[in-house]
Amino acid sequence: MTRDATRELSAVVPSLPDPLLRVRGATLEYRSRERVVRATHRVSFDVLPSDRYILLGPSGCGKSSLLKAVAGFVPVREGSIELDGKPVREPGPDRIVVFQEFDQLPPWKTVLQNVAFPLQVARKLSRKEAEARARHYLDKVGLSAFVQAYPHTLSGGMKQRVAIARALAMQPRILLMDEPFAALDALTRRRMQEELLALWEDAPFTLLFVTHSIDEALVVGNRVLLLSPHPGRVRAELDAHAFGLHSAGSPAFQAASRRIHDLLFDEPAVPHAAQAQVLARAAA
Amino acid sequence: EGQLRIAEQFGIVYLLLNVARDQQLIEKHGKTAGVDIAVEWRKLSGGSAVNDALLSGSIDIAGAGVGPLLTIWDRTHGRQNVKGVASLGNFPYYLVSNNPNVKTIADFTDKDRIAVPAVGVSVQSRVLQLASAKLWGKEQYNKLDAISLAVPHPDAAAAIISGGTEITGHFGNPPFQEQELAGNPNARIVLNSYEVLGGPSSATVLFATEKFRKENPKTYKAFQDALAEAAAFITAKPEEAADIYLRVTGAKIDRDFLIKIIKNPEIQFKVAPQNTYALAEFMHEVGAIKNKPASWRDYFFDDALTAQGS
Amino acid sequence: MATSPDIGALRPEYLVELEPLTDIEPDRRVSLGARLWSQGWLRKSLILIVLAVLWEALARYQDNDLLLPGFLQTAQAFFDGLASGELVQRAGLSLGVLVQGYLAGITLAFILTSLAVSTQPGRDLLATLTAMFNPLPAIALLPLALLWFGLGEGSLIFVLVHSVVWAVALSMYTGFLSVAETLRMAGRNYGLRGLRYVLHILVPAALPSILSGLKIGWAFAWRTLIAAELVFGATSGKGGLGWYIFQNRNELYTDRVFAGLVAVILIGLVVENLVFETLERVTVRRWGMQR
Amino acid sequence: MTRDATRELSAVVPSLPDPLLRVRGATLEYRSRERVVRATHRVSFDVLPSDRYILLGPSGCGKSSLLKAVAGFVPVREGSIELDGKPVREPGPDRIVVFQEFDQLPPWKTVLQNVAFPLQVARKLSRKEAEARARHYLDKVGLSAFVQAYPHTLSGGMKQRVAIARALAMQPRILLMDEPFAALDALTRRRMQEELLALWEDAPFTLLFVTHSIDEALVVGNRVLLLSPHPGRVRAELDAHAFGLHSAGSPAFQAASRRIHDLLFDEPAVPHAAQAQVLARAAA
Amino acid sequence: MATSPDIGALRPEYLVELEPLTDIEPDRRVSLGARLWSQGWLRKSLILIVLAVLWEALARYQDNDLLLPGFLQTAQAFFDGLASGELVQRAGLSLGVLVQGYLAGITLAFILTSLAVSTQPGRDLLATLTAMFNPLPAIALLPLALLWFGLGEGSLIFVLVHSVVWAVALSMYTGFLSVAETLRMAGRNYGLRGLRYVLHILVPAALPSILSGLKIGWAFAWRTLIAAELVFGATSGKGGLGWYIFQNRNELYTDRVFAGLVAVILIGLVVENLVFETLERVTVRRWGMQR
């Protein structure tokens, strides 16, 4: 990454609030006995309080890995990740994640318990309060009728919506969402986007949001980080605060969308060819 | 003092203990000597379990065969010094075969299998070895070990009685050997331990550690007196002894059959050891025990009760 | 696209105005046969009957009731044992010890496994101890048991713990290790750690393996108890089922030996079908974690 | 469902080819001890040979269930499903499925083996042929560099691409794809759509495709079945053969997209409220 | 949206021209301590040493070498046994039988489980047989073994099979039942059925459970063999380790008894660390199915 990208952004513009999340030169790697896969390479960015910060990039570029690193599941191999000025060391309920996978719901808990349980554990709510809040958010994601169902009886999209409700109900310091709406139909997706933004309007929280939809990035986010193909490097950071739920179709929106599209397309040709970064055949 | 934990095993060879228990003879003699003795009776199975229990201090008096006594005496020599307290009587061990071709041990072939409690090391095996040594010479003493098998008495007895298995011989003990003889017309005695050992000899004995004897002289004495009285009782009233056996052990063995065994003239209920030295000598000879006892007195405590032994 | 446009014209579009759904009819009745077949206890009883018949036939063929009494003869002895109350009393004594040893073994397995799942030395310790001690026969522990616990229940429980703990720990640990990564992450994300993490995430997620471990442990506790009771015998007439079997074996009452074994089998069947089966139904199967 | 929707479509228009797949009044239900959930209610449609047939509908409306029923995994409770005139009874390699879930790849096979193995099993290819063909299709989905990787080291989108390659390589009688591109970024998704359509151009196959993206439905499909919310009923069958990869943005395309959008939106209000169809508390 | 527009102006957008990646540096060296710590055998050896020291200390404290000989004394007896060749020969004999019984047990378990996974009667049969026979101690089978197989290897293997088959079948079956639905569907979708389906899909997918079952089965096979050799104890020349232990126990050579047990333990450790550990590494752990 070039020097001007790693510069201290907040130092340049002193009137900005201190970043809540500060990622500096974060390199993420997965190591196994046979090979080392570099997922991201020296990625830096700042998420300010109340930001709706989007990570956008091609499949396999390390978006999920970055999110997991912020959540404390994947250690940085180089660089640093700080939350409120303190390095991220381990997972915690101040950073609730909506994972990309469908198996993130404990199958032994009903939909209601799935949402209520972490509230009891992490927010110290009584069972009653927790369930009341859980019902509230399950209603928002349109699953009121399924509160007593077990996860294995839900469709893919329904599972993801439970996970979304769980995360929203937790009201964490920073909400980490990994393609949360990918499994949802146009209508439901739209409703979810509305809910998310309405909640944010009510009481602004900080959001780190992975998506692969350019339009969604512009609608949901106020700031978009564009990542290069594997291994992910910062390609650009763009402003998106001007666009909202009702901007789609407007010429400015379409122009922004096209711009991002081109930034992604204009990568040196055959971006998939040399994807695997086989660094070494180490004997760990 | 005042506490006595006795471990017996299964079988009629422990009849003496059953009578002492039923008649509360130990308590009685204890009272006479001025101690209240709380007696605890344990049933264990297998010589090793009895040894372990004695050495771990879980029991005070152990009952087992002469073979185990010699072994534990040898191993604890100069340490716990385990020695015999009394004999439980003279019982013959019969080697019973249901193979019509087998008249003596010389007739066993490779096709035959002799069941013993533990190949090579059980009393039965030792007797068999001694007999072999006499028959084929010292070097050949373990010739029959090759066709011996470790089988628990009841399974071996069942096999001998019903036939149909490879087991054609069983060197058992009472009452299994009698049951075999009674249960299968083909079964006959091929070898009698008395013949090998030179006359009626102690089969089952009681033993204890030197420490126990030293620290509990009254209890120890009361116990021995009780045994003596029990022996006299059985000899005098075999029928009553049979009833006691049935009562104490809860065994469902036929009463007449039991009385017949008790009355068997080859069986003598005596507390003084008899004719054990031949076995001890032989075990030393073949290296099963390292210390050579000068006489049977080496591995029995020096008590008035057993002074009449041989 | 390249499809010829007339195809679209051949297939008219259509639109359906949907009325609210009301006409959902009730269950189709299933046939009597199918309903009977769906009753697990019936199918299993059938199997038991077949086994009993096979047993009886085999016994008659062998015609050697000192080694293999028939089913009927054994049933007779079994009911005699029940009637006299002896079998029930003995089984009760054994079960008492069994449950204590079993629970102690499970608890120990749980502690070892929890340690193993949270620290590297714990992991090595579990692997090493299991590999070392699991193959050791109970008799090997007898001298130690006697030294430490004396003759009696203490030693029996010690031996039982040994026979339960390793198998249960192995199954539990395998279950823990196989919990899906996303689920682990979700649990850690709630802020769960240590014991709460194990209890709230790992245990339910590994429940299929844990249950199979518990079943195996239960069976081996029985086996070991029966075997150990032979050695430890009885204090003043107070022996359990193992002693009952041993004593009757000594007296060549093979039918009673088999009656004792039938008691073991029946208790096994009851525990399997009432306890474990129910547990599975209300947990792993209900949760869709097992078919 | 009304009578005219269940009519024999091919009987009305005699010049059409016989349908390859014929679904008639298919009602799908999931039964457990506690409740019965009706996933679809009397759904009928015909898929003609070489159709690219799209199932479109809101989350939880039974799209995946329908696809699984066609694949032979879920039995119809009422109605029938026929392939080539023969009722579908069990799964088979003539109907290869790309599942919606990410755990459809046997984790014990590398990416290459995952694609090659079913070719060996079902197409009776030699190991060599199978691997060659597998490599070919893995290249098409941009995973050449990852052929030796195990599935657990792949990102969500990469896993789905392996599943797509596996399905394509099998060249089945009918290809069943359940939101195959949902986890993919705009660019990769576009490339996948192109690949799919190019393969179809090369040698037309029959495709049953579940998506929740209206645009994707129009681009990929030639025929779109619109399903109502839970339990899924046929709302409409629309023609889409006029639109292709390059139609997006054209006024006709936008009109079609809006029309579908409205059909979905115009459902009686609060469509999520009474979703669960708790038919009975049966004691199965 | 509601964010004030000036915030965007405060944070300038930026774009980075990416050069091809070349400067990926090699592995950081890890510290010697960390590298040593990462060696499993070293950590485990440490545990073994600690255990040996504890043992020796305990033995000296108890000071009763007929019940609990110390580590050094046992080591002496062990090396004597090795030197005389007796231990090796006995272990060889035991292992020979063990492997036969173990393999037969696994095969039977596999057949039962495959049946169970494909048919309802098979399922009932497995559940019933396991619940019935698993708790039965090996001694219970003695009369039957005598009748059917006579004394010697046949009977030993029969008893071994009994001790292996149920535990392995239970674990295997649990593993099969817990295979994720999508994976099952994928396999069926390939057109796999019957045995091929089991072998190509269920077995690898259930491998963690199967391996834990195999480990448990292996341990129980050992236990049972040792116990059974006492009983079926072959003829004196041909007895295995169990025989060696039994004989020496009868003769109160406790150090040799422990030497025999140490042989069992060592074989257990070797099998665990060479066979099972390797198997796990190249399968379930490599495949990400287990941590």
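Residue numbering begins at 1 within each chain, and the chains themselves are lettered A, B, C, D and E in the order written.
Heads up, the rule we're going with is that a residue touches a chain if its C-beta (ideal position, glycine included) is under 8 Å from a C-beta of that chain, and two chains touch if they have at least 3 such contacts.
Each chain and its UniProt protein: A, D = Taurine transport ATP-binding protein TauB; C, E = Taurine transport system permease protein TauC.
Since we're looking at a predicted model, the values are computed, not measured.
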Legend entry - For subunit C, the least number of touch steps when starting out from subunit A: 1
Inset, instruction - State which chains count as neighbours of subunit D and simultaneously of subunit E. - result: A, C
Legend entry - By count of C-beta pairs in contact, the leading pair of chains: C-E
Inset, instruction - Name the chain whose C-alpha centroid is farthest from the C-alpha centroid of subunit A. - result: B
Inset, instruction - For subunit C and subunit D, let me know how many angstrom lie between their CA-based centres, rounded off. - result: 42
Legend entry - Distance between chain centroids, defined by C-alpha means - subunit B, subunit D (Å): 83
Legend entry - Mean-CA-position distance for subunit D and subunit A (Å): 28
Inset, instruction - Two or more other chains in contact with one residue: find those residues in subunit C. - result: 62, 64, 67, 143, 146-147, 181, 230, 254, 286, 288-289
Legend entry - Where subunit B touches two or more other chains at once, by residue number: 48, 52, 55-56, 152, 155, 158-159, 164-165
Inset, instruction - Give me the residues of subunit D that touch two or more other chains. - result: 32, 101, 103, 152-153
Legend entry - Complete list of chain pairs which touch one another: A-C, A-D, A-E, B-C, B-E, C-D, C-E, D-E
Inset, instruction - Sort out for me which residues of subunit A touch subunit D in the complex. - result: 30, 32, 37, 56-60, 62-65, 100-103, 142-146, 149, 153-158, 161, 179, 182-189, 212-214, 261, 264-265, 272-276
Inset, instruction - Report the residues of subunit E in contact with subunit B in the complex, numbered from low to high. - result: 64, 66-67, 142-143, 146-147, 150-151, 230-237, 239, 246-247, 249-253
Legend entry - Touching residues on subunit C, where the partner in the complex is subunit A: 180, 182-183, 185-192, 196, 200-201, 204-205, 207, 283, 286-289
Inset, instruction - Using the touch rule from the top, collect the residues of subunit D that touch subunit C in their complex. - result: 1-2, 4-5, 9, 13, 15-16, 32-33, 38, 41, 48, 50, 152, 197, 201, 222-223, 228, 231, 233-239, 241-245, 263, 277, 279-280, 282, 284
Inset, instruction - Write out the stretch or stretches of subunit A touching subunit C in their complex. - result: 68, 71-73, 90-93, 95-97, 99, 101, 103-108, 117-118, 121-122, 150-153
